[in-house]
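Take a look at this one; I'll ask things after.
Order of writing sets the chain letters: A, B, C and D. Residues in each chain are counted from 1.
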Amino acid sequence: MDLTYTSEQGRFRAKVRDWLVRNVESLPAPGTREGFEAHRAWERKLAAAGFDETDVVTRAIFEEEYLLANGPERITVVGTKLMAPTLIAHGTPEQQERWLPSIYDASEIWSQGFSEPEAGSDLAGIRTRAVREGSEFVVNGQKIWTSYGAFADWIFALVRTDPEAERHNGITFLAIDMRSDGVEPRPITQLDGHAGFAEVFFTDVRVPVANVIGDVNDGWRVAMTTLGAEREAPARPAARYLRDLRELATMIDRDDPVAVDEVLKLYVAAKCYEHSTKRTLSRLANGEAIGIDASVTKLQWSELERRVFDVGLDLTGPGNHTEAWWHNYWYARAATIYAGTSEIQRNIVAERILGLPR
Amino acid sequence: MDLTYTSEQGRFRAKVRDWLVRNVESLPAPGTREGFEAHRAWERKLAAAGFDETDVVTRAIFEEEYLLANGPERITVVGTKLMAPTLIAHGTPEQQERWLPSIYDASEIWSQGFSEPEAGSDLAGIRTRAVREGSEFVVNGQKIWTSYGAFADWIFALVRTDPEAERHNGITFLAIDMRSDGVEPRPITQLDGHAGFAEVFFTDVRVPVANVIGDVNDGWRVAMTTLGAEREAPARPAARYLRDLRELATMIDRDDPVAVDEVLKLYVAAKCYEHSTKRTLSRLANGEAIGIDASVTKLQWSELERRVFDVGLDLTGPGNHTEAWWHNYWYARAATIYAGTSEIQRNIVAERILGLPR
Amino acid sequence: MNFDFDDTQYALRDLARELFAKESPPSRVREIRDGKPVDRRVWKTMAEAGICGITVPEAFGGAGGTELDLTLVYEEAGRIALPEPLLELTGVAAPIIASHGTDVQKERWLPAIASGDADADVRIDGEDVVIGDDRIAGAFRDAYARAFSGTASLLNGVSMRLVEMTTEYVKDRHQFGKPVGSFQAVKHKLASMHVAIASSRPAAWYASYAVANELADASIAACVAKIAANDTNELCDGDALQCHGGIGFTWEHDLHLWLKRGMELRDSFGRSHELRRNLAAVHTLEELL
Amino acid sequence: MNFDFDDTQYALRDLARELFAKESPPSRVREIRDGKPVDRRVWKTMAEAGICGITVPEAFGGAGGTELDLTLVYEEAGRIALPEPLLELTGVAAPIIASHGTDVQKERWLPAIASGDADADVRIDGEDVVIGDDRIAGAFRDAYARAFSGTASLLNGVSMRLVEMTTEYVKDRHQFGKPVGSFQAVKHKLASMHVAIASSRPAAWYASYAVANELADASIAACVAKIAANDTNELCDGDALQCHGGIGFTWEHDLHLWLKRGMELRDSFGRSHELRRNLAAVHTLEELL
């Protein structure tokens, strides 16, 4: 057991930290066109800086430093973390050549078209349909909770190509140019007034058959790679929660032993999570697949994130917080819902790790 | 709204308190023959004292006083609270005349034969069988968690009389003399070393058909009266938890604000329960049936009881408690299991009160 | 032993329920939360129906009622997330002025509260209660008991509404080919919410009874009721949003109106750990138990 | 970055698992809990297998290992509810004497611990550690870190065993015509137990690493590990018994052996609220965060 970093990793951390200190700027939120373009420019600059994120440990170092430097929201994650690995696993050489470079240099921004109003946790319930006409598919339907749906260049979507097939079958994984005729994003305003997500409506959108990733009607298998990549991505940095707790510690009444005790409970939970992420990182660094254990990790960080903000609100009250704090508060509340609710994750842990009967 | 007691009720309380002060004695636990007979004698004395428990309010007053006087464990409850109302609802005049007087004067003690090893929360899964031979049933099978099973005079049992019928059908409610040939109780030792419950084995036990309560194969309906009576019985006195908390308050470190805060949380919960029981009592006093709301009450007191002892153990540690405290601790742990687990109760609340689909 | 409201009180609840539903639908609550000023029309309508003057003595144009006459109306106001100052003027100011005010203060405020013309902030300042520019000295203890008791019932109303909305939603919403409400995890959340309300509601009713009858334990009972209502609402808030999933996070859906109302009311007059700390500062455990 | 044990450490775990299963089955644990004295045979067998001397320097007949070599053995000892004084003698006394003891003390105790002949109580008394009638001055800080770290791993082992027993039981036990383990309420309890262990276990592993390498945060990390292991065990204790239902309350069933072992270990060297209180007394939140 050795939890130290190599001197090379140490130099990398110093280089990243130095670059971020000199370059991080405060950008307008990416929920407007102006803000989105500012974030795109930032992503290009970041890509050009060329931090060599070849292994999971360096990537984790980068993300920790990025977080501590208060770096801007990353609008490229759907492309780099989800679409790129999916393309590498299932795309043709032509598809990889067409899309990978523009993902890596941030010149084209991707969004994800999985969720639908009637298919939240139950992805196999999607209803968006694509009917083949010659060398094109004609797409009709609706996606929801599409990040940056109003501004992204491309969307990868699950569409139903065989309406007769049962649930997981008859689904196809399709790359759709958001600038096509008939694609209409409508921004979703969230309960805190924030924008960013969109509903995306597809009306007779024509998509070349060449944009199918994997085989027609085999999209569920392709999507499993996407979801797997999402899961295999290193967990949310623990540094984030310790930072949130440092902020909380400044806001509570330090003469109130009960309040201090509540923060200490969260501190213990955050440290446990920190050690858990180190263990996950170490497994990934050793070439192990995390697989279904990703559900354990998701439960760990999402429940911790909620607790940090629930207890935080209870200890400090609703009256004294910045807009950014509230954004984080509501985002924490959503953490136990998006990317698979806590209920679904517990089912997975019970059935697939502990082997309980369905 | 008027929460005061009438002057008559006040006099009744004073009379009960006075009698208990003069008569309550410390008895050996009822898990031995000697202890059981001491409790039987106490019950006879209590019955002879003739406290007129005609309405729910006076009954609640009696039980509160009995609790505060540290009165002995009541070994007659199965008879008075479960069998008597069942006999009144479903028994023939002959059956009522045969059993009711000896229930009321405590000369015959009853036990309950519902649970079986394979049928805990799922009562319809019972396997004990009774086959008719002339004017008798021949009973074979096994009951478990029978209170005072080793010493009681009578047991009322659910037995399967039609093995072909589905689950709730083909069950008969039978009064069985525990002194019959072939009845063999085996005491259950609990994890804290306490006795009291028994497994009861029936081997070719002959029971007169005249001992069937209600109709043959209609026992499920009769049992619903028994369970309903159990539910309609006024809830566990809140005074009990406030007493437990007074004891806990003497054991914690009063200079530790976190420990005091934990006791205050329990205090709030106990007061809420106290007010809830008053509301239930008032509904019963006004002739309302509690029905399915009994599941809410069960969840309230059982979860409170567990919290009181769980938090109590956490604040005081396992090292400094009397045997009586430990008995109450483990009994509290069982509270969320016996008489319908918390899981079953929550199902009932969700389905039958809130109307969620099965 | 009659722990129930009387027919008049239930009739008043029904009247309030109908009036609130008609005059203050979610669309209005939403507009006001969006920044639109609270129009005085609803408050005037409430005055005409006799709600504003429930606690104003008859001599000053009110109904001469007590905290108990308000309890069920509070619950309805919470259920509808009513923005009107029912607690402040009718719940706190009127009875405080009637019992602690000078004749001049009574003349100035009581008829105006009953008629719906009063328009003033109410706050507790040290040992005094301040209404607009007027000060009622030494009334803080009574005011806190009324504020705790009333806020507890408002909060219980919010929690009841959260259970209603969530129950309805999970019956409708299908995932994996069946209603979300048929999953045991969802059932158990709603059952726990229901049980929590079944605990905090009688505590608030008792607090109203103790305040109305000036019982010795009124202050403590009201504080207990507020703590219990806070905790119940926190539970309901968490699970209502979890059971709604994504849709609950949209501005468009009404759920957040009740989540935010609950948050404000939990904060009003003290969050649970503050109230417990205050209880512990004033009373020994022996006094409480 | 390698947060894992090495092959030797895993081999030692396997050896311990096999030895404990063979030498200390539940029937033995039960007898000892019933009052039968702990026979020395198992301890001697452990000594012969090299377990007692894991932390004894090679010069004194041990393996010269560290806290990290003990971690997985602790978990196995917890899983089997081993009554032997592994923590006291091998986990605390040996390394404390090796680092803080006089030459006489080393000669007296270390070979005897490795050979399984040592038979003495170990306790922390103020700033000293007391072994039998011998006193090691000023070693309390190191001793607490080792006691916390070791007890945390023992407790995690107990929790792991509770999950194993409960998982097995709910797969077998049928109610309402299907396995109890197919109900979502039961699944979610077991999933939460599993997740809790997945959090407290790496914390204990890190504590061992910090203690073994004498890192600056060793004391704090060990305290955090003990708190986490306590809380995980409390959760597992509650839900394991709930999922077992009635059968778990019988003397006959083995479950209570692990419930009681967990209770004792949660109490050993401090329950969670005491440990947090001590943390807060010694460190500011800024130091910790």
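One rule holds for everything that comes next: a contact is a pair of C-beta atoms (placed from the backbone, for glycine too) under 8 Å apart; a residue touches a chain by one contact, two chains touch by 3 or more.
Just so it is clear, the model here is predicted, and its values are computed rather than measured.
Peer 1: Farthest from chain B in C-alpha centre terms, which chain would that be?
Peer 2: Between chain B and the rest, the longest centre separation is with A.
Peer 1: Count the touching C-beta pairs: is B-D or B-C ahead?
Peer 2: Of B-D and B-C, more C-beta pairs in contact link B-C.
Peer 1: Starting from the mean Cα coordinates of chain A and chain D, work out the distance between those two points in Å.
Peer 2: 38
Peer 1: Could you state the distance in Å from the CA-based centre of chain C to that of chain D?
Peer 2: 51
Peer 1: What positions in chain B touch 2 or more of the other chains?
Peer 2: 256-258, 261, 343, 346
Peer 1: Scan chain D for residues touching two or more other chains and write them down.
Peer 2: 183-186, 188, 273, 276-277 - these are the residues of chain D that touch more than one other chain.
Peer 1: Assign the assembly's chain-to-chain touch graph to one of these shapes: line, ring, star, complete, other.
Peer 2: Shape = complete; every chain linked to every other.
Peer 1: Could you pull out which chain B residues touch chain D in their complex?
Peer 2: For chain B paired with chain D, touching residues are 115, 118-122, 125, 144-145, 188-191, 193, 256, 258-259, 262, 310, 313-315, 317-319, 330, 333-334, 336-338, 341-343, 346.
Peer 1: Enumerate the contact residues on chain B facing chain C in the complex.
Peer 2: These residues of chain B touch chain C: 1-5, 9, 57, 242, 245-246, 249, 254, 257, 260-261, 263-265, 267-269, 271-273, 275-276, 278-279, 281-283, 285-286, 293, 296, 299-300, 303, 343, 345-347, 349-351, 353-358.
Peer 1: Which positions of chain C touch chain D when the two form their complex?
Peer 2: Touch list, chain C to chain D: 183-185, 188.
Peer 1: For the complex, which residues does chain A have touching chain B?
Peer 2: 256-258, 261
Peer 1: Mind listing the chain D positions that touch chain A in their complex?
Peer 2: It is residues 1-6, 68, 163, 167, 170-171, 178-179, 181-182, 184, 186-188, 190-192, 194-195, 198-200, 202-203, 205-206, 209, 221, 224, 227-228, 231, 273, 276-277, 279-280, 285-286, 288-289 of chain D that touch chain A.
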